[in-house]
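Presented below are the structures under discussion, each in the form of C-alpha cells.
Each of the next two complexes has subunit A plus one more chain, namely subunit B in the first and subunit C in the second.
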Partner chain A sequence: MKFVATPSRSVAFFRALARRLSPALFGALSLLAVSAAAARAQGVLVAPPGVFIDHRARSGSVELYNPGTQTVEVSISTIFGYPVTDSTGQVTLFTSDHPDSTQPSAAGWLQAYPRRLTLRPRERQTVRILGRPPQTLADGEYWSRLVITAKGATLPVTASADSAGISIGLSMEVRTVVAVLYRKGRLNTGVALSDVHTALSRGGDSLYVRTRLERQGNAAFIGVLHVALERPGESGVGARLAQGSLPLAVYYDLSPRVAIPVVQVAPGAYTLRVWVDTDREDVARELILPSKMVRDSATVVIPPRP
Partner chain B sequence: MLLATLATLMVPAHAHAQGGRKLDIQPQHDLLFGTVIAGVPARTPPVDGARAGQFALTGPNRSTVELVFSLPATMVSASGATMPLTFGASDAGVSATGAITDQVSFDPRLPYTTSLSKTGRLTVFLGGMVTPSASQRAGGYTATVTLTVAVTSL
Partner chain C sequence: MRCRARARARVLLVALCAMGVGAMAATRGAAAQSARDTAAQEGAGADTLEPVLVELWLGRLVSATVPAFRVGDDALVPVSQLLALAEIEGHLDADGRITARVYPGAIPIEINPDADSMRFGARHVPLVPTQVVVSGGELYVSATALGELFGTRMAVSWPDLAVTMIDPAELPVARRMQREQQRATLLSAPGVPPVVPDRAYPLSRQRVDGLVADYAISTASTNPFSEPTALLAIGTNVWGGSLEATYSSAKLLREGTSHLSASWLGVWPQGRVVRQLRVGDGGSTGPRLRTLQGVSITNAPYVRAPMFGMAVYPGDVGPGWEVEAYQQGRLVAFDSAAADGHFALSLPVQYGQNPVDVVAYGPHGEVLRFNRVFHVTDAFLPAHQMEYGLSAGKCATTTVCGSTANADVRYGITSRWTARAGADGYWRSASDSTSTLTHPYAELMGLLGGGVGVEVDEVVNASTRMALSYEPSLDARVQVDYTRFGARAAPVLAPSSWREEWTVSGGGRPFGGQSPYLLFDGQLVRTTDGDLAHARVSASLRRAGAQLLPYLAIDRLPVAGDEETTTVGGVDAFVIPRLEWATWMRPLWLRTTVESNVRGHLTALGLFVTRPVWRMLRVETGWSRGRDGRSVFSLAMATDLPRLRARSTLAVPSDGPATGVHTVQGSVLWNGSAHALTLDAGPALTRAGVTGRVFLDVDGDGRFGDGDEPLANVVVRVSTTSAVTDSTGAFQAWNLTPYLPVAVQVDSASLASPLWVPEYRLLTITPGANRFASLDLPIVPAAVVEGLVRDAATGQGVGGVPVILTAVSTGERRRTTTFSDGAFLLMGVRPGVYEATIDNAALSRLGAQAAPMRITVERTPDGAQISGVELVLRR
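Take a look at the complex of A and B:
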C-alpha cells in the first residue's frame, strides 16, 4: 500500500487518514510520508575566480552576488592550497590547515572583510581581502584559497508533533573555493615540459596525452596546455585532425592528462604536438607573468580498431 | 554621488578588469524523496528529473574544477531520532550539456575532477537513498548536503 503526498498536502492527508483509522491501525500500518520540505538552496556568484594582490596595495577584493530569490548567509575563510595531479592525471586541490614554514602560505595573514555577511535577493557586496604579512616577508609569491560558504535560509521543517508522518528537510550548502595569489617584489615564472606520452582509451575513441610540467622561477605558472594530432609532415591549424586544451596553473609540478577525440581519425602514424602558453581567457593579461611558450612533439600510431 | 565615486575608487583596478570572469554555483533542484513505506528504502537516482538534486555551474570556459560532496550518513529529528541516508557509487553525475540524460556518472563519496564546457557550463546531479526503519518515529528529519567546488585551473 502506498500513499503519495506532496509536501504541502502530506500532513493534512495523514490527519484525514488518522481520523478514519483507529490509532492502533494507523500505527500498525507504519506509513511514513517522507516529504520534501527542503528549502531551496542558494549559491552566490563569485568574481573573479582568482584574486591577485600586490604587496604594495596589500589588498584585493572579490564581488559576491546573490542572483536568487532567497536571502543567503555567507561566510568566508582562508586555507592554504594549490593544484596537484593524482596518479591518473586529474588535477585536484591539495590543501593544508597547517602548512609548514617552507610552504609559501598566505592563509595565515590574509583576512576577508567582512567574514560573515547576509545577501538579500539580487544584492551584491564587495569583500576586501587584506594582507597583513610579517615585516620580514621575502620577495616572492604567496598562496591561499578563499573558501566562500553560502547557506540558504533555515529549513521550514514543520512536521510533526501530530505524529502524522515524517518530513525531510535536506539543507544544501554550496562552497566555492577560489585562488588568492599575493605577490611581492620581482617575480618570474616559466614551465619546463617533458615526458610526453600517450595511451588510447579502452574503446579507442580517445587519445590520452600526459606530460610533465615543472614550474620555473619563483611564481606559479598560469597558462594553457594544448595538444593537437596532425598529419605527418604537415603542421598548422589545417593539419590538425584532433585537438584539446587544458587551462592550468603549475605551482610546483603537474602531470596532467588531456583527452582528445580520435574516433574519426584513421589508423596510421601521426605527429602529436604539445605546447604550453599563457593565453588565458579568465585572467586579465596584465596579471599573467610573462613566459616563453614551450613545446614538444611525438609520433603517435593509431592502431586499427577491432 | 560622492560616496558612490569613493566606493568605485576603493575597488582595485584589477577587480574591474576581471569583472567579466566569475564562478557561479546555483542549486537548481532539491534532492527529493517521495512517499515511502515504513521499512522500505526509497531511492532517488541521479537521472530522476523530478527528484534528483541539481546544481548549475557557470564559470570560465573549460576551467577545471574539483567537486567534493560532504554527505551526511543520517538525518536527525528534533527529538533526536535518526534515519539513515546513504549514497552509492553511481549516485552523482555531471553533464556539460545540462541534459539529465547526458550524464557522466561518478561517486559522490569521493572527490571528482571535471571541466566546464566550452561555453563554461556544467550541471551536477545527485541522488541518494533513505532507509526508514519499520518503527521509524514520526517527525521532521534534517541533514545538510554540502557541495564544494574548487577551481583547480588557477
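Take a look at the complex of A and C:
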C-alpha cells in the first residue's frame, strides 16, 4: 500500500485521466500536480497516512492541520479503493463508486465526523471515523479510502465592511487520499512470491525487477519488497552490489517493478535475491499482521556495455 | 508637471489642486531649474529631468506625497524625506550631504552627491551623476540605487505616480508598527478565557470517610528478622479534616525506641477568619517553626495560590522611548517614557523567581535590551492582605523548652513591602534559671527597585538581623546577612555561645552568556569559644557531555583554644548519557568525585555507575575512599513499581564485614465509593483522590442507574493526570493536593462514538485529605445538525453566514459559519429544543431578514442526524 497524497480536481478526473494517458505520463503528471499543489494551492496535512479500525472500538481518527495562511473548507468522503499495478509495474489506485457485493468495501458504512469543517490558518482538527457495519458482518478486513478535499473558504459576511460575500482563495481543490482498514475477528495474511523476471534499462545502468505478489489469508498484506544483486556464490549484506526496496500493500495481487542501479556493476553473472517482509517503519508494529518472510532468487547476467 | 495620474493618483492630484497647485508648480519650477543647474554641472542631460509629485510608500505601511524627478523609468526621490518616513535620524547639510544612523546597531548611512558611491554600513553602492540631484536644499537620489543601498527593491510605477520600497521590514518604522500591532493584539486579545466549570462540587464534610496507610520497613542483612525498623502512618477524613497517626519504631519486634504522633487538621478553603486548625502534633506558627503538641490556628491558606499580584517596575530611559516587558517570550506589559524619560511597567508576578526581559525602543529605532528578576519569597503578602497565626502547646523536644506559644501577624503594606510582628513564648522547668522567656519580634521586608531586597528583623532579647540582597538578573545574585545575638536568647532561637553571624551567598555568570555559573557562600560566626568560619566557591560547567562541578572549600574551627583550618579542593563530575555513545553505554549514568587537600593528598575519591536494568529496576554500583583511607565497595538496587518501592544496598568496606539494608515502602488506599482496596507506591498520607463512573446516560437523569450503560476505556483527565475507566466505567485518580479545586474532564476523543458528548465539559471538585471524592460523569448521545442558508431570490446557498443555535431552555448558544455553498454543520448538539437563527450583524450587513427555525434533538442511544434545517434570506 502506498499512502500518498494525491491532489487533483477530483478523483473521477484522475481516474478518467489515468484511463486515457499512458501510465508513465500519468505518473509524471501526478507528481507535477503534487508539486504544483504544494506551491500554489492550499491543502491540509493529514496524519496518520493510514487508519486501522478495530471492530470492537468501531472508530478511528485522523488529524487535519492547515499549514497555510488562508482559511480552508474541508470535506471528507469515503470511496472504495485499493492499489493495483499497471502493465509497467507502477502502483496506482483503483477506485470504485459501486463495488460489488464480493468486494470487502467499508466505504458504505464508514462515516467521518465532522464530514465538513473549516480550518483556519495553523489550526488543527481531529476527525473521527465511525464504523456502522451491518449486524451480520463476517470476520475479515474491509477497505475504504478517505478522500479529504480542501479548498479556499468564504470570508464571513461580518469580516469587514467591503468583503461581504467575497469568495477568496482558490479555484483549485486539493485532495488527499488516506487508506482505511476496518478489521473484525481473526485475521491472517501472507504473500506468495512468484514469476521473478528482470530487464535492463536501455542504457544498461538500471536493472528492472518485476515479480508477482499474491496475497494469502483474509487481510491485506503490508510490507516491503526487497531486491538485491549479489556476487555469485556469496550471500549477505557484504556480498550485495546493488539493492532496492519498495514499501507496498497487497490487497489482491500486484506485479510491482523495482529498479536498482547497476551502472557500477561489472559485466558477468550474479545472483538476484528477492524477498518480502513486514519490516515497515512508517506503520506501527502492532498494526501489521504477522507474516512469514518469502524469498526467491534468480541468476542475472549483466552484459558488456557497448 | 505632467500628471499622468490614474485611479488613486487622481485623488492625489485633486488634493494637490485644492492645496494650490500654482504655488506648488512655482516651487517645483524653481526646483526644477536648480536641479537642471546641478545636473548640468554633474554632466547629466538637463532636459531628461522631469519634476513630478509621487506617493512615496514604504511597503504598505506608510506613505507621503513628495516632490521627485523622473529620469527615464527611474525616479529621483528626496532622501531626507525618505529617511524621515522610515524614522531614521539623519542630517542633511547645505551641500546636500546626508549622514544618518539606523538603529539597532547604529549602522551609518552616508550619501555624498560629490562622491561616486554611497554607504549603508558595510554596503557600498555606486552612484553615477545621473542618479543624484541636489535641489532646493534637498538631496534626490535614484530609487533604483536607494533600493540597492537598503538591500531591497524600489518599485517605480509611473501610471500610479508611486515609488514603493518593496520590503521595509528592517526599517525602524516597520519595527515600530510591528510592535504596535503586537501591543494592539495584547490589548484586544481576549486572552485565556476564564475557565468556568459547568458544575463545581465543594469540599464534602462527612463524619468519617476514606482510609490510607503508609508503610516502610527496613531490615539489616546481618539479622533481618530481629531488628527491623518500621514506620506506619494511618490517615482518614473526619469532618472534612485530616486525622492521622504515625508510629515509628527503631526495633519493631524487640523493645526499642518508638514514637507515636497524632493530629487532626481541619481546612476551610474559603474561610475568612479561620482556614486551618490543627490539634495534636504539628508545627508552630510564626517565622521560627518548631514542633509542638497542642493547637495552632491561622487564616493562611492550606496551599498558597502561585499568583502574587501585579508589581510595578519603574525605570528611566529617554524621552520618546517605548518599553516592553516579556515573560517567557510573551509580551505582558508596555509603556512609553514620559518627558523626563521615566516609565513604569505593571507586571504580573508569581511567588518565586519572575524573570522579565525588557526591551526599550528609542525614537529612531535604537534598541536596548536587559532582563530583571522579581524574586518574591513566601514571606511576602500581596498588598493589604493580612494573615495571623496562633499556636500553643508542649514542646516536642523537651530539652529545648517545656511548652511554647506564638502569636503572629503579617500584613502586606504594599506589593513591595510586608511587615510582620508577634511574640514567641518559651516555658521551661522551674529549676532552670531561664525558666520563662518571651521574645516579641518585628520584621520588615521590602523589594526596592533594581533587584534590591532588604529585610530587618528584631527579636527582643534574642537577635537583630539585617539582610540585603541584590538580584538584578538571572545571571547574578548576592545576599549578605548579619545577625547579632543576645545573651539570653532561647536555645531554640540560637546556640547560647553565638554572638554574631555573617553570611554571604550568591552566584552568577561573571562573563555572561554560556560561561560557567559560579556559586559562592561564606559564613563567619563569632562565639564565646572562638570564631567559626566557612567559605566555599564552586562552578558549574559542561564539557564534552559531562557536568563538572569544581570547588574549593575552607573551614576554620576553634579547637582547644587554637584554630584548625582545613582547605580542600575537588571536582564532582556527572556524565550524562549521549546518543553518539555505543548502545551498551547509552543507559549509563556516571558520577565521580575527586577531592584533595592543599598538600596534594587525596582526601576523597569515588566512582559510581548507575544503569536501568529493566523499566522499573535501577542498579548503582561504585567504589569510594574517604579521608580516613577506608575503601568501600557499594551496590544498590532500587525498584519503582506502581504499587511499591524497594531498595537494597550492600556496602563492603576494606576493613570490615559487609552490611546490607533492605527497605520496602508503599501505601494502601481504601476507596469508599467503589469499596475497593488499592496499593500505591505512595506516600499517600495527606493526599487526595477523585473517583467516579463514566456512563451513557440513556434515561437522561444525570445519575448512573438501571438502563444506563457504563463506558469502558474512556480517558478522564483529573488535574494534570489522567485515568482510564474499567469495564464498569469506574475510574480513580490519586495523589492530588487536597482542599484545592481539581478540574475533571472527559476526553471526548476516547469515547467510542463521535456522536457522544460529555454532559459537562468541565467539572471541578474539591477533595478532602485521605479520601476519594466521588462524582459521576454522564455522557449524552448528541446530534449532528446540518442545514442550509439560501437566498430567497436566487435560491442559491450563501457562504460565510454566521448561524447561531440557541438552546431554548438554557439559552446556551453554539455558533458556526456556512460553507461556501451555504451549508452548515454543527456536531455535539445535546438533546433539547433549539432555535436556529442568523447573526443579527450579518443580517444587517446583508440587508436581509431570516425567520428563525425551531428544531428538536431527540435523545437516542446512538445519537441523531438532523438535516434539512433551512434559513432563508429575504431582502
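Basically, the second predicted complex is superposed on the first by the 248 of 306 C-alpha atoms of A that agree within 3 Å, B and C clash if a C-alpha of one lies under 4 Å from a C-alpha of the other, contacts with A are read in each partner's own complex, and residues count from 1 in each chain.
Operating definition for what follows: contacts are C-beta pairs under 8 Å (C-beta built on N, C-alpha and C of every residue); 3 or more make two chains touch, one makes a residue touch a chain.
None of the values given here were measured: they were computed from a predicted structure.
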Of subunit B and subunit C, the partner touching more residues of subunit A is B
By the touch definition at the top of the document, which applies to A:96: first (subunit B), second (subunit C), both, or neither? neither
For A:194, select first, second, both or neither according to whether it touches subunit B, subunit C, the two together, or no partner. neither
Scan A:73 for contacts with subunit B and subunit C and give back first, second, both or neither. second
Just checking: does A:58 make contact with subunit B only, subunit C only, both, or neither of them? Give me first, second, both or neither. second
For A:126, using the defined touch cut-off, is the partner it touches subunit B, subunit C, both, or neither? Pick first, second, both or neither. both
Which partner does A:116 contact after superposing on A: first (subunit B), second (subunit C), both, neither? second
Looking at the overlay, what does A:49 touch: subunit B (first), subunit C (second), both, or neither? first
Applying the document's definition of touch, where does A:177 land relative to subunit B and subunit C: first, second, both, or neither? first
After overlaying the two complexes on chain A, where does the subunit B footprint on subunit A coincide with the subunit C footprint? 57, 59, 61, 126, 152, 155, 157-159, 164-165, 167
Contact residues on subunit C for subunit A in the complex? 749, 752-755, 784, 798-802, 817-820, 823, 825, 827, 839, 841-842, 845-846
Residues of subunit A that touch subunit C when the two form their complex: 57-59, 61, 73, 113-118, 126, 128, 130, 151-159, 164-165, 167
Subunit A partner, complex, touching residues on subunit B are 11-12, 14-15, 17-19, 21-27, 30-39, 42, 53, 55, 59-64, 66, 75, 77-78, 83, 111, 113, 115, 130, 132, 134-154
Subunit A - residues contacting subunit B, complex: 1-5, 10, 29-50, 52, 57, 59-61, 63, 67-68, 81, 83, 90-93, 126, 145, 147, 152, 155, 157-160, 163-179, 222, 245-249, 281-284, 286-287
